[in-house]
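You will see chain A twice below: alongside chain B first, and alongside chain C after that.
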Partner chain A sequence: MTTPAIELRDLSVVFNGEAGRVQALSNINLTIDPGEFVVLIGPSGQGKSTLLNVIAGLLKPTEGEILAHGEAVSGPSRERAMVFQEDTVFPWMRVGANVDWALKLRGVAPDERKALTARYLEEVGLSHTAGAWPRELSGGMRKRVSLATAFAADPEVLLMDEPFGPLDFVTRSTLHSIVIRLWSEERKTIVFVTHDVDETLLLADRVLVIRHGEIVDDLRLDFARPRTDDLRADPDAIAMRRRLLDQLGVVDPARAALAR
Partner chain B sequence: MTTPDLTSPLRRRRLARTAPSPFTTRVRTVTTVRSLVIGFTTLLVVWQLASMVVARTFAVPEQVLPSIPDILGEFKGLSDYWKGGLGLKAVQDGGDQTYRGAVLALAYGAWTTTLRMLAGFTLACIVGIALGIVIGLSARLRRLSLGPLALLAALPLLAMLPLFSFWFGATTKAAIWFVFYGTVVTVVRATVNAVDNVPRRYTDQARTLGATRLQLFRRVLLPAILPELRAGLTLALTFAWSMVLGAELLGVQGGLGAMMSQAIEFSALGRMVFISGVFIILAAASVTAFSRLTGRLLRWMA
Partner chain C sequence: MKAETARPVAGTREGRKRMGVRLGAWPGMVAWRLGGIAVLLVIWAALATRLSAAQLPRPELVWDALTANFSSSPALEFAGVQGGYFSNVLYTLTTATVAAAVGGLSGFAVGVASARSQLLRDLASPLLVLFAAVPPLVAGPFMLIWFGPGQLAQSTIVAFFCFVVIGVSAQNAASSLSPAFEEFAATLGASRRDRLRHIVIPASIPPLIVSVRLCLCTAWSLQAAAELLGSDRGVGRVVGMAQQLGDTASTLAVILLLGVGGLVIETLITGALTHATRWQSGQRR
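Our next item is the complex of A and B:
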């Protein structure tokens, strides 16, 4: 039996904010296998990002424990690199230097870094921007730099927190295919947070629905890969989409009328 | 996917304009040579016009607002402040008033004042930035230091000067420590705020990439605080000039301020104008130089 990539045991997070005690996560038990593409989906503000931050080691749980490849997590680590929702490309480093720094932190020898930086930038289609400042790039391009940086860190688990939220449809599609390609090439475990059902159907092996700080549903998606936009017409996918939308609390007025 | 041509300067500038800055503070205090010339010329013209008006209204106009030619005529008198040396006898030892003496006196005064200012300011930067980072990184220290810092900032600086003369005498040492005292609080506060304003997402990103504390400090914190720090240091620099001049005006020997104090004693308005002129040029040039120097470090923002 293989060691799970991530294991959460009886995990709870309580925030003591100005609005009083907020139970962000309660009693989460979860095992993620190596190589799995797990999507955490749920309405906003109900614990998805908190869960991801706990796995990253950026947030200490109030109770319970986190194991990454069998070892207790006590803080952030390169083995759990993260692509954030916000723009985290360092504006004071040129694009190439951003990727290069991740390689340096990973301990890659200086003479190997140049070729690797070029390779990761090429993977995301940004070879020509190595010498540019991040401000010279569009938001979508900076997101690709973040992806290249995260993969350059070569983590065992890659955490992605609504990474493509504010981007347009075309840019998102491009980024989805880049993620899927890198994931299948490098066999990483990916934990991906989103509130987008279509994104989930396209990416996930396994979907965890999170509501009110709890995992309320754990589903497997066995649709064949590579998945394309045609998935939208697949009856199983439509049923799954319906189920997820229900879980998210989306009420279709027409359907509601039929049910009555 | 279209790939923008990043080699075209026009395209680059357009992209730069549309890309949002992650920082709220952007420094745009670059003083150009042209703006200096325009400002200086305007000042001269307004002065001359005003002196012409004054000449018609007052009995002794040269003691209120002398005309530009009158002021120029007083330049030689500045050689009174040359203490002798470089083959030129001091006026007080029986030497003649010369243009060379005047230039030497001004240059030496400017040199003395600049060195004192730079010594105090540099010291304030080193101590202030270090202290500011330490305070800024700890929420508890930040809360604790809030009161003392506000108190220090509220003290009337010039009123503290006698204390410094008492401690160090009317010496260069007193001037340097006074400049230090007058600027260090500004530097500390600017640094604390800058550290506090570093977006959390950058430190989080660095930590998930496996950065150590030292790496986080050098490659993330330092560059991230630079834009805001630069604005604070520019402000402190102008304070430093006021402090050094104040110290020299109020007793510390030597430098432009001491020359100014003697000129005031003898109501030598023309001499005062020259001394102020040199002072203003020095202060403006120092801000420009500082801006150029730090501008290189902030190319990523431009």
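Our next item is the complex of A and C:
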């Protein structure tokens, strides 16, 4: 039997804020297999990012246990790299140096690092920017640098917290293709947080719907890859889209009218 | 009207970005700075025609006093002060700069450390605020009582001031760094020490440049003032003597020499800091 990439047992997170006690996650039990592309979807403020931070080791749970490849998680680790919604490209390092630093932290020998930096930058289509400062790049390009840096760390699990949220449609599509290609080549386990249903249908093998700090649905998506925008016309995809929208509490006005 | 190439508008982000990356700007910068000095000289010469030499001597009288006493001065020798104006100004500048560096680096270390540890922050914050409220010249007589009228007392006053200014600035700079940078680095496998060296320190330097300039300029003034309180050499000692003799030209000569020397050191240090933080957009010299 394969050891799960991530295993959560009876996990709960409670915050004590100014507004009082807030139950962010409640009794989560979850197993994610190696190589799975899992999307966590749910309305804002329902616990998606909290769950991701707990898996990353950036937040200690109030109760429960987290295992990564069978070992208890006690803090952040290179085995679970994370790409954030915020811009985390280090502006004081040139683009190539950002990727190189991840390789250095991984313990890669200096002579190998140069070739690997060039390879990861090429994977994200930024070979020509190795010597540039991050401020000289657009938001989408900087997000590609983050991706190259995260993949250069060679994690077992890649966690992505609404990474493409603030980007335009065209840039997002390009980044989706890059993520899928890198995932296909390197077969990392990816846990991806979003509240975008179309992004979910395009990327996920498995969808976990989170509401009020609980996993309320666990769905498998078997649509053939590569997936394109044509998927929007697939009857099964349309049905899945409706189901997810219902889970998110989005009311389709046309269907609501028919129901009346 | 058609432009040959796109030119950013001054004051906009693009314009400031261009300012930050322009490498051939040094000759222009030097020309403008010399221009500023020339304007000052013209105003000075004009005012000197309306005032007595004891109140404001003409620039050429000050120049004469400077050249006559540059490397050695009979008046200083008579009073037991070694060397001329140059060696005394050099003493003041080097003593103050070394003291500012020691105080500033200690302040940076305490400021950054206190931004990263709640316990240290609780310990350091009230002390920094308390020290900031003490005027350095009020602390000066205490330093003279404790350490005597020598280099240690002067340096302690300067180091104390720079420690407080850089400490408060570094604490603010390190505290305002987005936590996402450190969290991202932690998930790449960076240890706490790696994060301090590669993230917190480089990110904290740009907001400190203004404080460093303030520290350097104030350090020289404080050093000279401390020398006035009691010293056997330095700008303060020379100025004190010249004032006793009613020699305004010598007073101005040594103050101007201090200003020019300070300008050179300040330009070199802030130039190095600006180069180290050239990754920023829109930085100003």
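Following the convention adopted for this analysis, the second predicted complex is superposed on the first by the 260 of 260 C-alpha atoms of A that agree within 3 Å, B and C clash if a C-alpha of one lies under 4 Å from a C-alpha of the other, contacts with A are read in each partner's own complex, and residues count from 1 in each chain.
The rule we apply is simple: contacts are C-beta pairs under 8 Å (C-beta built on N, C-alpha and C of every residue); 3 or more make two chains touch, one makes a residue touch a chain.
Source: prediction; values computed, not measured.
With chain A as the common reference, chain B cannot sit beside chain C without a clash. Look at A:L137: by the touch rule set out above, it reaches chain B but stays clear of chain C.
In the superposition on chain A, contact is made by A:T149 with both chain B and chain C. Contacts of A:W92 after superposition on the shared chain: both chain B and chain C are touched.
In the superposition on chain A, contact is made by A:T174 with chain B only, not with chain C. Of the two partner chains, chain B and chain C are each touched by A:R78. In the superposition on chain A, contact is made by A:A56 with both chain B and chain C. Once chain A of one complex is fitted onto chain A of the other, the partner contacts of A:L105 extend to both chain B and chain C. Once the two complexes are overlaid on chain A, the chain A residues touched by chain B in the first and by chain C in the second are 56-58, 75-78, 80-82, 84, 86, 88, 90-94, 101-102, 105-106, 133-135, 149, 153, 159. Residue ranges on chain A touching chain C, taken from their complex, read 56-58, 75-78, 80-84, 86, 88, 90-94, 101-102, 105-106, 133-135, 146, 149-150, 153, 155, 159.
On the side of chain C, the complex with chain A involves touching residues 17, 178, 180-181, 183-190, 194, 198-199, 202-203, 277-281. On the side of chain B, the complex with chain A involves touching residues 1, 3-4, 6, 12, 15-16, 19, 21-22, 199, 201-202, 204-205, 207-211, 215, 219-220, 223-224, 226, 299-301. Across the complex, chain B is touched by residues 56-58, 75-78, 80-82, 84, 86-88, 90-94, 101-102, 105-106, 125, 128-129, 131-138, 149, 153, 159, 174 of chain A.
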